[in-house]
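Sharing a structure with you now.
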């Protein structure tokens, strides 16, 4: 790979927040995002995909370390307190790094 | 990120095992898990989501390195021999590390 | 983990390419792959799962660093120009490393 | 009068949920069933409206709207004082119980249809009118929408253009334009299958009701008392308002059903966005786990009995 | 007697599978169709039960249950000795063929209905009774459930509260309580659409049968011989048992259909959990890829012919 | 003649899309609806074919096939010269507009059925015949399939064994073999629900049409002009060919509908694989966002008017 390292930020949260968070992520500067449906369990109990207000989405954003930090701050500020949410960051290398961040 | 590194354990296996494995992972000490539907191919042939006993799930657990090892041992002991299963581990950093493991 | 490091190649692309890319990945030498349905947004606009030619898949392949490079080259050569596609690579450790690559 | 099979389907769903059966209605099917129910209710109302001229609807609409705005103002202090519930949670309960449940309404329609009791064609319009006001008042009562300024307009958009209002109003409109003859070719899907679709829907509602009952462990006594005692006065007021604005016995009963029912789709979604610090499972357990079964088993017959007594129909 | 279109749908599915067509019935739709079939079979039986008093059911039930326990004890040694199959795989085959297939039963009902042949109302009960015993015996034969101690109770729970028994018994119960008049409003969905739903279901079954035929490459000859020769004696015994316990010709034929059919939902799932070292595609290829098509094309008419000859019905 | 409610459902979907409502038809339901429409069209045609002997089909088939091959050869230069569109995009447009839309055909059938106008039973066969040729010609025009050598055979396989042809031909065949009596038990699902299913399908088509209109921002004027002006001459030619080969007024109108319609399933998928440098949203916006609504609101009545005038039917 014409290696270029970036961050992969993965957010697992309530399905109801999908549109809002994707919009926020883009307005913070991300060039894109990927969403999959998910279910799970955590501190706010079992969240199973059967019933829409009770299912999760898994949002992935590839971006620079700096933007990753900004996204994390935004999530922490607006969502961590009241919503089921988990966020983690992974080091990835990408093709065409100019495409991200 | 007030960086705190954790492990992300990802298990891809037969959909029929979902409940059993999620229960096991929690009783081993995990604070949560995330599940998505998946299909795929591996040493046990093509597993395509069309037909329930023939589809996969993708289970993710964020946890300490020590718990990750325990989960891996458990999977190896009880499932590796007879079930379609792949397991891999990634280094991730998380917000609110106290929430995991 | 009887640690053995491998690469996890993740490809997010148009659902219409799923069969073609999975076949290619296997003929390049991969021992398997995992696919999940996804939606997202990127340089080619919003791709939402509602309408089949307009949804994404997320294909994951665990393999050696060398095979990862070959997969990336193949994608770059045949798909990057004309299709919605993002590809990233992560370091993972696996159980039973002989199973991959 | 024998027990209605659609209610037995609800019971079967509850049983499956309690027994932790692997029975699941896939989300896509749940969507299909709810789209069909909403369209059917709208279409039926629209066809009726196209048949009978409708005098004085404006006055009736104002009365019904007023009910939607006033209800939460009574529920809120009750939850605060008697239930000793926090501000956000009380506001959320007020929004849920002031708004309405389409599934309860559908069971009410099935109840009347089985007994050959007719009802006024504007009821689906009242269903639409009652959905929104209580949610607005609930958000205002929580006084928390300020934190994220954009939330308010987003929430309003989501309620007003949400699928339930859109399909109800769309169905009403299509039924009204096309009239009985125009609708005839689509009747086999929307009208003939109505009760079967409702049965499958209630099967899933039973499963959901069980899965949404976890708050019972913590707030059990309060939620049960609230969920059982709240619908009766609200429903009775609904019947009386129906009588006051000149509805038939069937119509007044259905307005009682609406008034006594609690929202479990629009309100939870709106509250989650606009009042995020309210505990979502509290209101949902009350409305879905307690009030919904109460209404379909006990409430609906009571509201009809009151309506029949007051209006003197049958 | 012309060929039944629902069977042609199965053929179309097989063709699509072989041609690697992109035709797919989404999993959610497959779920919906199977839920509807199970409920319809239960409801039909329940309504019939509510009509006709049912004497001597207990004795009949015991005979049928016995059949379910004894069948696998014959199939197991046959697979071991004649087929030279390992312990776990033989046990799994015994469980699959001792248990029953709802889809085959549904085609059997359609076969009788098309010919205006009535059948005893307790058949859906027998379907329920035959589903579990063979699976239990199969697990015992494999003697492997010990490894994971909790597996046993989990598997039993999964079978008994699994959706197929739950929906069949639930449907029976609802049909029985509600009776013909109560069920009337949900008939358009559950009864009128039955054969169409079965047609779509069989289209998907054809696709699945092809996708589950990969074991044919390895164990082809054995699986084909086993899958074709096993149902005939089992089905014949079923017919004779039906005659012995006093069923009508239609009823005896259906008991033959049940006996000759092989499970492809409950048994595979249970075996996968309780006998994990059995090769799942071996049993599934036999039951779904060979026996299922054999039964719907050839077996059902044969079982009925035997039943008509023995019982002398028509 | 009042407005057809199924078209109102399309309008409701468009409205929901424009208002950014959360209304969504789950992909699984969309699949189910389209499978049902395709099977119904096939079955109806098959039953009719089994009723009436069909003379001279071969000649008719050749004429229709020729139309499918020739259409794109006219559309391509038009798009190149008049529209100043690049080679690949022009080839893609030629493939889309030379091929056909099943949904438009279904609305055409509903249009005729509402007016009690019969049509020739071979029309579903013509639908099948018209689907493929234009796509082949389109790919040849783009002269790009060479890059990935395997693409060509793959694309052909995907079109010929794609689900739309498979279900249409399968349905035709089943309907033809089973005949009216054999099909009777599955009519409640496939025939009685047809218009209701079409209504739900069009609701989703409205949503999709809006979501596929983003290319309008860039190529708006050209796409609107092309999407509105192309179907009229194509449709008229279709009607005239229908008249020339001796179809009834209804049949000629339907052939006009086919000719005037633009593919939005088979063609986009094939072009995406075989001509990847064509901009997919250009053709899709034209066919789905402009031509589809144009045809169901305006085109179909026009084609029928022409057919009635030329053939002299009614």
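We just call them A, B, C, D, E and F in the order they show up, numbering each chain from 1.
To be clear about the criterion, a contact is a pair of C-beta atoms (placed from the backbone, for glycine too) under 8 Å apart; a residue touches a chain by one contact, two chains touch by 3 or more.
All values derive from a computational prediction rather than experimental measurement.
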Checklist outcome for this item: Common contacts of chain D and chain F, by label, are E
Checklist entry - Which chain pair is joined by more contacting C-beta pairs, A-D or E-F? => result E-F
Item to check | Averaged-CA centre spacing for the pair chain E and chain C, given as whole angstrom | outcome: 40
Next on the checklist: Centroid from C-alpha atoms only, then distance chain B to chain E, rounded to Å. What do you get?
Outcome noted: 35
Checklist entry - What residues in chain D touch two or more of the other chains? => result 24-29, 188, 193
Checklist outcome for this item: Among chain A residues, those touching two or more other chains are 36-37, 90-91
Checklist entry - Which of the chains are touching one another, listed as pairs? => result A-B, A-C, A-D, B-C, B-E, C-F, D-E, D-F, E-F
Checklist entry - If you look only at chain B, which of its residues touch chain A in the complex? => result 1, 6, 8, 22, 26, 31-37, 62, 90-96, 99
Checklist outcome for this item: Per the touch rule above, chain E residues touching chain D in the complex are 26-29, 31-32, 35-36, 157-158, 161-163, 166-167, 170, 173-174, 177-179, 181-183, 185-190, 193
Item to check | Footprint of chain F on chain C - complex, ascending | outcome: 14, 16, 20, 45, 48-55, 78, 81-83
Next on the checklist: Help me check something: in the complex, which residues belonging to chain A touch chain B?
Outcome noted: 10, 12, 36-43, 56, 58, 68-69, 72, 75-76, 80, 86-91
Checklist entry - In their complex, what parts of chain E are in touch with chain F? => result 2-6, 8-9, 12, 15-16, 19-29, 110, 113-114, 188, 192-193, 195-197, 199-200
